[in-house]
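Sharing a structure here in structure tokens format.
By written order: A, B, C, D, E, F and G. Residues from 1 in each chain.
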Amino acid sequence: MDVIMALLIGLLYAAGIFMMFRRSLVKLIIGVILLGNGVNLLIFLLGRLVKGKPPIIAADAKVLVEGAYADPVPQALILTAIVISFGLQAFAIVLIKRAYKVVHTDDLDDINTREEEE
Amino acid sequence: MTGFLLLGPLLLRFATAIALMFAWRQIVWQRYISLVGEALAVTASAVLLWQVQTKGTLVMQAGNWAAPYGISFVVDSFSAMLLLVASMVGLGVSLFAAGSMLNNRLRFGFYPIYHFLLAGISGAFLAGDIFNLYVWFEVMIISSFVLLTLGGERSQIEGAVKYFTLNFLASIIFLTALAMLYGLTGTLNMADLSLRLAQVEQRSLVDICAFILFVAFGIKSAVFPLYFWLPASYHTPPVAVTAIFGGLLTKVGVYAIIRVFTLLFPWDAFIEQMLGAVAVLTILSGGLGALVQKHVVKSVSWLIICHIGFMLAAVATHNQQALAGALFYMVHDMVAKTGVFLATGIMYRLVASHLYSKMGGVMQKHPGWSVLLVIPLFSLVGIPPLSGFWPKLSMLIGMATAEKWWFFGAVLVGSFITLVVVMRLWIEVFWKPASQEEVVGFRYFKQYPTAKQGAMLLGMLVMVGCSLLIVYGAPQLQSWSLQAAEDLLSPQVYLEQVLKIGKEIEP
Amino acid sequence: MRTALIYHLLLSLVWMALTGAFSFDNFIFGGVVCFFLLRLVMGSTSHRYFTIVPRTISFVFFFLYELLKANIQVAADVVTPPFYMKPGIVGVPLAAETDTEISLLANLISLTPGTLSLDVSDDRTTLYVHVMYLKDEQAFIESVKNGFERRLLSIMR
Amino acid sequence: MLSVLCACVIAALGLPVLVPRLPAAWRPSLAILPLGSFVYFLLTPISESQLLLTELPPVHLWLKLDGLSRLFALLITGIGTLVYAYSGYYLKNHEGQGRFYGFISLFMGAMLGLVLANDLYFLFICWELTSISSFFLIGLNQQEAKARSAALQALTVTGLGGLALLGGAVILQIHTGTTQIDALAARMPADFSVGITAALLLVWAAAFTKSAQFPFHFWLPGAMAAPTPISTYLHSATMVKAGVYLLFRLSAAFAAHPWWTPVLTTVGAVTMLYAALHALFRHDMKSILAYTTIAALGILVFFIGWASPLSMQAALLFVLVHALYKAALFLITGAVDHATHTRNVLRLHGLRKQLPALAVAGGLAALLNGGFPPFLGFIGKDLMYEALLHEHAVIGVPLLLVVNVALLYAGLQVGYRPFAGSAMPEGEVSKVSFWLWLPPLLLAVLGLLFGFLPQMPNALIAAAHVAVGSSGFAPLQLWHGFNEVLAWSLATLLAGVLFFRFWPMNRERLGWTEKVEMFSPAALFTWLASSLQLFARRYTSFFQHGYLRYYVMTVVAVLIGGISLLLFDDFAFKGSFEPLLELTFYELGTLAMLLAGLVFVVFTPSRLAAVAGLGVMGFAICLLFVFYSAPDLAITQFAIDTLTVILFVLVLYKLPRYIRVSSMAVVLRDGVVSLVFGGLIALLALQVIHQPLQRSVSTFYAAQSYVAAKGKNVVNVILVDFRGADTLVEITVLSIAALGVYGLLKLRLRAEERRNRA
Amino acid sequence: MTELLVMVLTGLGSLFVLLAAIGLVRMPDLYLRISVTTKAATLGVGLILAAAAVWYNDMGVTSRVVATIFFIFLTAPVGAHLLGRASYISGVPLWKGSWLNRLEGKYNPSKETLAGMPTAEHEPPLAKEES
Amino acid sequence: MSLEYYLLYIILPILVLSALLVFVRFLLGPHLSDRVVSVDLLMTIGVGIVGVYAMATAEATFLDIAMILGLLAFLGTVAFSYYLIKRKKND
Amino acid sequence: MKSIILKAAAGFLLPLLLLFSLFLLLRGHYLPGGGFVGGLVASIAFVLHAFAGGMKKGQKYFPFHPGFLMPVGLLLAFLSALLPMVTGDGAFMTGLWYPHPVPVIGMLGTALFFDLGVYLLVVGVTLTIIFTIVEAA
């Protein structure tokens, strides 16, 4: 499973980057989202995968049973990262809207003024 | 009490920002809240610096959880110095913005976001936990992103898209490195990481972590060849925003590089070569970029890149003298860059353009301003005895001692280019006769109400005052920097302080 | 009506507390016991609550039966290669008037396989339904009106 | 000494404010500042070095007045006195008079500091200050484009030299362990390591740029754009001598270096010859003087290069002589300019009628310059020939002759020719004040006086001679007897006079120089500067081209390069395929869906379909989180995905459809780059995952979550307690984003606000 | 007993879900797909959740499961209606075998209004139901 | 045959297979609406999957995920419908 | 969207979802949930309502702009992190707990108020973003 998961994460990175190479602003943002998903899964994978053992202390227990639970730290990190990227993505999506209103295109090359021009 | 002392600058920014959010649209009140908050932050930072100098490195464990388990907040001489300077810069820009910022932008949350940005910066200086550092970075990104786009003009959007994309990419890269660090060590506390990374068997993975982190911080601090977002965006927002960006943001990246490469990773040839090569190329790229600009703000933006290279080169030199120079230079650069950007704002208000070709006549028409603005400009160049000279000298001596002639040469070349760029600016803007009639509909400085003029002038004076203060306090700063550099290069004190404090609960 | 319902629920909870078994089936059981108890205590079988509850329950079972039946019918068509469909969109005139009535009706029609409430006209006179096996428009309308609509309205009103 | 420097700094700060408020007639009285200093230096005995401030190592405010310092300090303050007095009248209507006095005081202070400094870094600081103040002085007439570009050019060249000096100083400090100048010689390693040589080269670069040696000389004629008193002070008598001073100062330490003599004599020779010949082809008095100044500086460097007691003595004396006559000639030029509004020698003649005192001064100065007996110049010239003959410099002597003849010629052009011949029309010449003719006259008379009474400057020069580490000072005397030296000296005078008589200046000669102008170092400099500009432009736009996707690609390329370099350095594939067997159908199905969704998102031509695809992917990831024990993550991921979809939907319906499609080749290239990058990440992940697992932190959380933090959902306890600070920051990010969205969509700048980018 | 009930319920439920999936793939137009899937899947998932309710038989869990079932039964038809309506308005065509379309021409998409059907259109006119 | 085995190796695969089939429709389209139906159905199936998984692993906490999944899937459909109509209006 | 069916459903769902969101908030410390998800569910309830009743009307559920919840939530979270520093020698973010369990809620402590702050803030943020977009459309 680890191998396939790792490959999948690699593909998510690849897809995210590929989308960021495109000319459309929307695709760019989608790429950003894909990358975000990829990195979250990477944190998840590198915290090691454990099946069916959520880090929740049972109603009648006071501690988690040694070794028989998924590492809660990566989960907490991912939660924070997800929320943060949501904030950024939300703003970026609205930026698309604003950009379209101002520039009337979603083509990044049309949004461009070459830096050496002006 | 340690808590309030240590987190003071951070908590004050937070409280100020929240208060400003409650004062939404009350722009008169907002100005006062911002000023009072930032003045308090300056005081708190000064007290903190004083305490750190007398008591040594201070640590607070959030939630009283002992070091690797809870989040550590750490202040050593290095971060205390930067905290103080950042708050002084914050105060200056806050004042300036009180006068220069469009009311409309103030109505849409300039001040709260500005203080969140400052909170993010101070948080980054305080973080003793690498993930906590990441979240502070995110606060900086999102607030800078918002400040950059506030107003939504075409050029702003254009700059913001690049700024966003590359900085977001940097965050992803940062997180990738974090994932690896956690996967290798199972910890996030920087002190703990320092110990555990040394035990990792497959060294190439540690080097890769170092490399990936470097790329992430490199993007944020705009080094070669990762700087693209900076020249693409810094000239687009209002001047107060550019000033705070130019003064502080990239320096936080450098701070992170210094922290990470002195604390986390054992220094080795790979790191040295990587930092060194990048530093030299950064100096040259930034300098060459600055040479060709026809736009005042753009020239100065490129100089940011050039000077980031100075600091990196000094870090790569890896001896106390050079590192102390780098730290001192950071302090100087924060003040000088902010001052220069604010100066460009004043120039713009005086001559209604940012293009060299359309500027001119400032000295003839506004001799007073010329006298005031010359100080940040020349400080930036490092003309002795102004502030830039002292740290540069320290860096050069360190580089020569370590026989890093490439760095040595690059810093000299970079200084020369800075000299030429700033002098050309001086000639074009101040000496050259005004080349255009007054632009109709443009709001010249003299057309601002007196209170706003005063605020801008005061803001500028704060920056100039800071610049001169650095000159006056150069011996003190130099000795602090040397001390801080020593602490950085042998981080035992840091490790002991962090890993021993807090109520230990054995699992 | 509402007080009766609340009272009924309260009683059921008390039942659970008395028996000390906080499980779902005990709650249902308590509910049934309390229903008859209430009916006994309140003394009048004419209270609407006591007619509506059994009607509702029977309606639920009627609906579940319809659901199952139609599902099997459709399922058979879905898995077998040839289609026997004769789809079309029908306008069903509405007797239901309030938003809740119309919505409930529309949703029930949608939930039944083979039919899908597409929209209600703005004047709330017509419910447009997409029907999968539409042999006779009129017959379909009749079936809706005599089936779901009548039973539903008898509960709602 | 410190008080003198402080007085200069205070004057620099105060005079710009004070002078405009001072009645014009009073302004020459400002000369009290240099005059007082002059007297001070005249009376103060040569002192031990004084260490005044050491708070900021490695820089020490370390002053020392020795013979060399005193010679220069007296020149600086003495000529300064005259220039202050002269300028008070000369510039009385100039709008920048306040600035002028400020900067010239700053300059004087810096120059004094420079010659008094006994610390390398303090010397450098003063050096830089002289460059900067001269920049402002050259650009005093800032409305003129010529002045501005001259100022920038001068600063560029001297600034470059300044940085070289800084570099040299640092290297010297590293190699000798001291910054104390008078200790350098003793600490200099005997074998002159590479480092020392590098330092020497850098010091030379500084000296040559400042003292306008070939090929760095070209900024000096340009600097003549400044008002004449400034040219007098900076570009003849003092600042340009800073380089020479530096060579004098360091000669004790470096003269034994094998490169010292060959390099300095060559550079000096080339410079003096080149400049002297150039001077013959000029007709602007200031221009002539500029070139002769360069030539004189060349002579100085040339003689310092020989590094013999005699040559040093000759050089030191020439410093004094040159200062006297060159300052006089410059001041005369200024006065002539003031009176006639021209400096063109072709148009000036017979001024002796209207300006008799000035004519006297001119004549005397020309003679002093030419080295006619009994002027001090004669002694100087003799000493030079003597020193060269003593060194058996076979080429040097005739070379010097040529240069001296040219200089004599040029001196006559400026000091004699404008006053000779028929008188100019009355209206074209206005009277000049006493303040304009007295200073040059004073200088010229002094030159004559010193010639008669060489014992007056004798002590001064002798002390300087000691200070530069030479021994065997030969007392100055007017008459040496009949010898070879006298023969060369007389030959020089004769040739010069004949030359002046029979090869008068005319217009055609101007054309000759313009023809070779394109090969001059100035042209080279311009070419270099513009090539650098071009290169910088190309380089910058190569990287900063504006296309975001290539920026991203650069970042990715850097990552790919670095990671693969490090990863494959000691690579052993650590992934094992064993865990594949545990794979269940539902996991595989979920992964398949994730994968297919990914492919769909990437390749679908419709934006909205891509967004829907994102929804599918989010769903699959959510299922993975469920399978791998992360319920909180599953919920959050799903909630956020839904919100993202909503946001996209609300935003996208206004946008047009995708139009452009990249070419296949581009897609292929991008695909390969992305896949390589993704592959590296996957490999890295596998490598990390096969490292031993460390769990102490999460073990602590597992044990303490309920006991100490009273929560059973460990993830949530981490979020609100163990790592609550992160969460506080995280929600801050969210609120900033919301404020940003609000501002971005609601704030509309009005048109006039938009114009006012503020 | 409980276990058997759970097996039967989940078995039936998963079969309905599978049917819905097959239907979604096979049905020739969107409206038919919605028709087929919404109900089958809802029923199937409802059955599975019912099985969970039975299996846990704990007040806390079961009440949440019942709430979920209730919730799905409430939202599924509404979702189906919304999507069907939106698709019709946005012009998703009917299958060629559809023989009646009473909606034709009733929509005014720009104002998002829908006209009712005058009784005259029906043949024969319907008597209003008693209630 | 234990219940856990039954759930994990018979029911869950059927559900995942159904999800994959639904996904086929998602890929086929042809209209956005078809994709939206697919996503909606996918989420509904997800509710079932999570429910079964909750029983199989005896983790009742997963059932709450099912609930939220159901809630949010609906919202997605609403949003897309909104989009379809808005876009039409905009034309 | 003009759909009475949706409107009726949304009217039904709003209280249900709000209740559910509170439930998620309160039990977050023990089971999956917490302020963040709770806040999201609550805001989704309002968004749904807004979709049904027209976006402009959807905002009328608030007597004030939902953005006001942001500083309130932030302040609450901030103060509960700050409280231990003020009351004792505790560090930033130290959990302070009322020593006895409270019915329904369980243990009452600063962590809960922190979570409540998160909840309010998330509602404020989400609604501000979505309503702003809709208004600008």
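Odds and ends about this structure:
The criterion applied here is as follows: a contact is a pair of C-beta atoms (placed from the backbone, for glycine too) under 8 Å apart; a residue touches a chain by one contact, two chains touch by 3 or more.
Everything numeric in this text was worked out from a predicted model, so none of it was measured.
Chains that count as touching both chain B and chain C, per the definition above, are G.
The chains that touch both chain E and chain F are G. With each centre defined as the average position of its C-alpha atoms, the distance from chain B to chain G rounds to 36 Å. Distance between chain centres (mean CA atoms), chain B to chain E: 58 Å. One simple way to say how far apart two chains are is to compare their mean CA positions; for chain A and chain B this gives 28 Å. Averaged C-alpha coordinates give centres for chain A and chain G that are 24 Å from one another.
Chain contacts: chain D has residues 537, 540, 544, 546, 548, 552, 627, 631-632, 634-636, 639-640, 642-643, 646-647, 650-652, 654, 681, 685, 688-689, 693, 695, 697-699, 701-703, 712-713, 715, 719, 721, 723-727, 730-742, 744-746 touching two or more partner chains. Among all residues of chain F, those that touch two or more other chains are 15, 17, 19, 36, 38, 53, 59, 61, 64-65, 67-68, 71-75, 78-82, 85-87.
Shown for chain G are the residues that touch two or more other chains, namely 1-3, 5-6, 9, 20, 30-33, 36-37, 41, 44, 47, 67, 70-71, 74, 78, 92-93, 95, 125, 129, 132-133, 136-137. Contacts between chains, counted with the stated touch criterion, involve the pairs A-B, A-D, A-F, A-G, B-D, B-G, C-E, C-G, D-F, D-G, E-F, E-G, F-G. Those residues of chain B lying in contact with chain G across their complex are 1, 3-4, 7, 11, 14-15, 18, 21-22, 24, 60-64, 71, 73, 502. Looking at the complex, you find that chain G touches chain D at residues 28-37, 40-41, 44, 47, 67, 70-71, 73-74, 77-78, 81, 92-93, 95, 97, 107, 109, 111, 114-115, 117-118, 121-122, 124-126, 128-130, 132-137.
Against chain B, the residues of chain A that register as touching in their complex are 16, 20, 25, 28, 32, 35-36, 38-39, 42-43, 45-48, 73-74, 77, 80-81, 84-85, 87-88, 91-92, 95, 98-99, 102-103, 108, 111-113, 115-116, 118. Residues 537, 540-541, 544-549, 552-553, 556, 575-577, 579-580, 582-583, 587, 591, 594-595, 598-599, 601-602, 607, 610-611, 614, 617-618, 621, 624-625, 627-633, 636-637, 640, 643-644, 647-648, 651-652, 654-656, 658-660, 662, 670-671, 673-675, 677-683, 685-686, 688-689, 693, 695, 697-699, 701-703, 705-707, 712-715, 718-719, 723, 726-727, 730-731, 733-734, 736-738, 740-741, 744-745 of chain D are the ones that touch chain A when the two sit in their complex. Those residues of chain F that touch chain D in the complex are listed here as 8-9, 12-13, 15-17, 19-20, 23, 26-27, 29, 32, 35-36, 38-39, 42-43, 46, 49-50, 53, 59, 61-62, 64-65, 68-69, 72-73, 75-76, 79-80, 82-83, 86-87, 90.
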